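Here come two complexes built around chain A, the first alongside chain B, the second alongside chain C.
Right after this comes the complex of A and B.
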């Protein structure tokens, strides 16, 4: 294993596990500054996790193994997704492969496990959140798949390392399909990270919750796991955005530097979107994501019209 | 200055009392309604001895009319089929004093929390219909209220509201107190309308005692009422922005509300303007310098509001959430007895400030937007419009220094009088029945109380996640109803 590969592996594991909570923290901080408030420290999510870690758990009754399995399944799928994701186009040889479609599936698996848990306990708000999560999940997964297909077309492979290498070269930017994919990906990123205009991460207003709804029944360490997983999802989406859509030519060190710069920039973008956009009406969200699908179709059309260069 | 008298020669506020036997109750109320007199509340009261007593307030062009009857058999005929605005009043009277309203079927419990679920909710059946129960404990730091939504998917079919989790029995507690002490009970009904409630109470007492406020007292109360409106409307616009997650608007208006409340404290020693109103006098005074400072601060608040408001008009993601949501037609607003900004946003030209001879509202005209569409957007715009109007009024009222105010005798004493004052949420009606210097009965019906059933009507057909926003566009007070 090369030094670069080992380093990429370290960033995958340590970055994904330890740095992920910094991302929502940083977005909260930036948002507060944009609203003219000092806001909480970017380290606030770590404090939340520490607080939850030391609390005893409370579980609803009745419940079955489905409820108890959800946090481990969500954490496991997040961990596998983390190590599938190349860093600077590199990855040590983890025995999980790097297939983009598997990554989409892992994200869906996490969503599936948590919505199933909401069904298991049958709490009103949990079910309401779960039903919205699933309603949004259908277009989210479809659009994400289309994005992956668009990005994979020029490469002829769905291997994330190959995709990252292709995006590193400047010539993909002459390809309208790639721009379409970028546009659609930003919409999916907003949905996957549960941010405005699709979901409001700040609110626990019972009737408007999406992602927070199914989490209501959890407490203590289980809730800490789920909150970490939500942060890890931010990391996955932001790193993926960098690997697929930010030009990062040059050696591994330069690619790593691009990643270090671009993740905070993506955070800033999310903070600006969240500050300037009110939350959307809940039934408009599938249409909004559908627009992403439409953009992808246009990208596909342009690709085939261009003869599939 | 001449004593203002109404057409009947009574002092404004003194009620013409029409006592009828229980059998004639419905006829008398419906006659009043048929003559275009506006229903202002129905109250029940249990005197120290004798059967429970019912009182219905109507406002006529000639003044206040009070129809009273003794529910000797414990039952009267309902008026709710003709005056739906009396729905909550009748349900409450039944729960409190076991008065049956014949024809009000089913008479669902309103404040009796021992009733089973089926008794107080409307049965809603059909494929995929289910109930969503929210509260009384909520995710935010708000008052206790239980909302039972009957929904299909995200769509609301019907809403049953249950309040009175913190009912204090203020009206019962106030009975037997002196008229001067009774004001504390009216004030504690609610913090956000404290001035309105106390001015309504003080006006009712003064009318019953044959007293008339001097110019200073009128002006002091008008200043306080408008200060209350300003901070409430600023708060409501902030809450509407927060309801759709638009933080910049919410923050800007929350900051403006804070400035308005600090001004309250400077002018009247209390951020919520508590203890600023008394029966027959006012202790508030300010000199030329203090008035000028207050005007400057209000002008700054007004300027900042104009800037932020202009920005908000251009945020399409925000406007999109407000337009066409929970539309209340003018006909429904009229029929259900909606009051305040909510009624005016539906196009009703109804603002009690134009009928307030004991306050300084000369030349006041009702602000109604050209496009009074009755939706959340209209209710938001209405507040901005009234905010502008209130700031102009205050600017005018604060041009001169203010001295402590007092009253002078100018009429006969009466046993019963009604105070009506326009609060930030609609007209508040306060009925005072006196025995000498003591309160025999106190009744308070605030704008919130009138509008709660209207809110329940307006949400039908809307999306469940839009409810917090719709609720905030009415911004009703729980404490007023839990009085």
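Right after this comes the complex of A and C.
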């Protein structure tokens, strides 16, 4: 295993597991600053996790083993997704492959597990959130796959390492298809990370919850799992955005540096969007995401208009 | 005569003995005999698929009967036996005490034999004969069990639609036979080949339940007994695809590009349409029937991609897409049979399958319920089960069509990719709803409260099929190269547990499953520490009463509202009782109408009836009128001959 591979592996595991909670913390902090408040420390999510880890779980009734299995399944699928994602176009060669579409499947598995847990307890608020989350999941998956088609055009592969290498080559940056895919991906990113204008992660009003709804019946370590998984989803989406779209030429060290810079920049972008955009009506979200699909169609047309390089 | 041929004949004889035995002797042992015979036939199919020499005759264009098994038939015989054996075994307990159980059991054997006959037919006469039997026997099987007005109407619709569509099968097969294409002579003439392709698409597409020719399927499948539903949804509609594959990939090959693009269109429509209507069903078996339409759509997407790849000169990807379609045929057969058998067990335990009347069955029926949940995960296309593998391969094929194809094809493939992704997400939505309403939460009716786990004889087949779902999800790579070789003999794919395709990041199913399972177990042990005393669920401090329980329509409401413009749901709110201006009781009815019925089938039926009424005016019943018709026709013919129009 090369040094670069080992380093990438360390960032995948340690970065993904340990640094992921920093992302929502950082966004909260930046958002508060933009709104003129001091805001909580970026380390606040860690304190939350520590507090939850030492609390006991709850035992709602009725429930089956599915209630208990859902948080571990959500975390396990996120962990596998973390090591599937190359860092700076490198990976130490974990035996789980690097396929973009398998990654999409793993995200769907997490969504399945948590929404099923909502049915297990049968709570109205949990199911309301679950039903919305699954509704959003339809355009999210469709647009995400269209994005994958567009980024696969120059390389003819869905291997994440090959895709990351493609984004490192300068001639891709002049392709309108590439930027169309980025635009659509940002919409998907807003939905997958549960950020405004699609979902409001700060809400305490059950009726408005989407991602948070099914989490209502959880406490203790199980809730800590789910909150970590939400943070890990931020990590996956932001790293994916960097690896697939941000120009990162040069050797591995330079690519790593681009990653280190670009993830906080993405956080800043999300904070700006959260500050300037109000949450939209639930039923308008699918149309909003569907616009990403149209952008992808235009991107494909532009690819062929340019002769397809 | 080879050993395999003897085994095949012996298997058929054993099934036939079981058939006769069911009618005259004991029900249980004769069904066991039928299952044993189907297992023998399946063994022959498996042997041929994995490299044994073909058995019996080859395809011929003559009209004299001939039977044989080649590798393609071998694969489908394997699929058939994997479903038929558990289904027939299940019927032993399920038919106990059922009305006319003997006739049902006998007809089940006959149905299986008809399916075997269709797969082993090597000439057009045998093929069409068994094709008709395959259509008629399920109708008989349904009508033996129930003969209420509604069932009779639905069976009539089934026979009418499949026979109208069946014209396409007859016409295309006869044209192919007449021109010697079954025997290997390629068809000549673009027009003729296009005609055969269109006829085959209509004929086999109707029987496969492809939209918009599907209207019979959600009517007929839910009516049959559980094990027959499993055979119909799992195998029968696949045999229509078998016919389509034979025509498009062999007899009428090479198909032009547009056929592949048309298949992609039909596939995308069936996939999205099927799952969308499934989402709004309130009866479990009807819901599952709509999912059969969805999965036929996914298979058609794979087949269409294969044809497109062949037309644009990508033989390897053509073989991969073909393998994806075949793998999905196998996978869908397994999980759909599992779900139908599971639904049969629930119906036997509870007495009905209205989704809003079930609930809490996982705790009461852990074996059946657990297997059903696995099957639901598999059909929803979730890793690490088998449904995800074939959907992943199909998605990869579509994605690579978009990458390699010319602009129009690429655009179609992009839309088809999005459609398949949306289908997968909608299937997750639908089966979260199904598992939630059927297996989880509190029981929603007294019968549900009192439900008991079904007998071992009904449990074992369901668990067996669930184990197959896991096995094929973990080691699909053992099968994929064999399936790809059915299309391209020199496929550079080696045998692994996982699926490694060029132009993908690889899908190491075994390692991925192990990682997921081990991590889940580890985290589960770490995470479930102490628990506080049982707490009620959070409902803003209200008591949780049954009226707060969520329903099927409540859960799917957001997507219904989003797609209101397409689905055109109807709702009606009437005040039943009001007291001094204050409403006390309301009545609420809402429905998502099946628009294909109201906008397509009903106008066509009405027009046909009107045309028939017009034609009936000619039939006055008076002898003199008929004489005038005869004289008129004669004069007309003479005039035409005189004018030289008729030589």
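Just so it is clear, the second predicted complex is superposed on the first by the 305 of 309 C-alpha atoms of A that agree within 3 Å, B and C clash if a C-alpha of one lies under 4 Å from a C-alpha of the other, contacts with A are read in each partner's own complex, and residues count from 1 in each chain.
Keep in mind that, in the parts below, contacts are C-beta pairs under 8 Å (C-beta built on N, C-alpha and C of every residue); 3 or more make two chains touch, one makes a residue touch a chain.
Keep in mind that this is a model prediction, so the values were computed, not measured.
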{"item": "Contacts of A:187 with chain B and chain C, given as first, second, both or neither", "value": "neither"}
{"item": "Touched partner set for A:283, first chain B, second chain C, both or neither", "value": "both"}
{"item": "Most chain A residues touched (candidates chain B, chain C)", "value": "C"}
{"item": "Which superposed partner A:109 touches (first chain B, second chain C, both, neither)", "value": "second"}
{"item": "Partner chain(s) touched by A:124 [first = chain B, second = chain C, both, neither]", "value": "both"}
{"item": "First (chain B), second (chain C), both or neither touched by A:95", "value": "second"}
{"item": "First, second, both or neither for A:147, with chain B first and chain C second", "value": "neither"}
{"item": "Touched partner set for A:56, first chain B, second chain C, both or neither", "value": "second"}
{"item": "Partner chain in contact with A:81 - chain B first, chain C second, else both or neither", "value": "neither"}
{"item": "First (chain B), second (chain C), both or neither touched by A:206", "value": "both"}
{"item": "Doubly contacted residues of chain A, that is, touched by chain B and again by chain C", "value": "124, 206, 282-283"}
{"item": "Contacting residues of chain C [partner chain A, same complex]", "value": "360, 362-363, 377, 380-383, 388, 392, 395-396, 399-400, 402-404, 407, 410-411, 413-415, 417-422, 424-426, 428-429, 432-433, 435-437, 439-442, 498, 503-508, 511-512, 515-516, 519-524, 526-540, 544, 548-550, 554-559, 561-562"}
{"item": "Residue ranges of chain A in contact with chain B within the complex", "value": "31, 34-37, 124, 128, 196-197, 200, 202-208, 274-283"}
{"item": "Complex interface listing, chain A residues touching chain C", "value": "56-62, 64, 66, 68-69, 71-73, 75-77, 79-80, 84, 95-102, 104-106, 108-109, 111-112, 115-116, 118-127, 130-132, 134-135, 137-146, 148-149, 152-153, 156-162, 206, 216-217, 219-222, 224-225, 282-283, 286-287, 293, 296-297, 300-301, 304"}
{"item": "Residues of chain B touching chain A in the complex", "value": "132-134, 138-140, 154, 241, 244-248, 251, 255, 315, 317-318, 320-321, 463-468"}
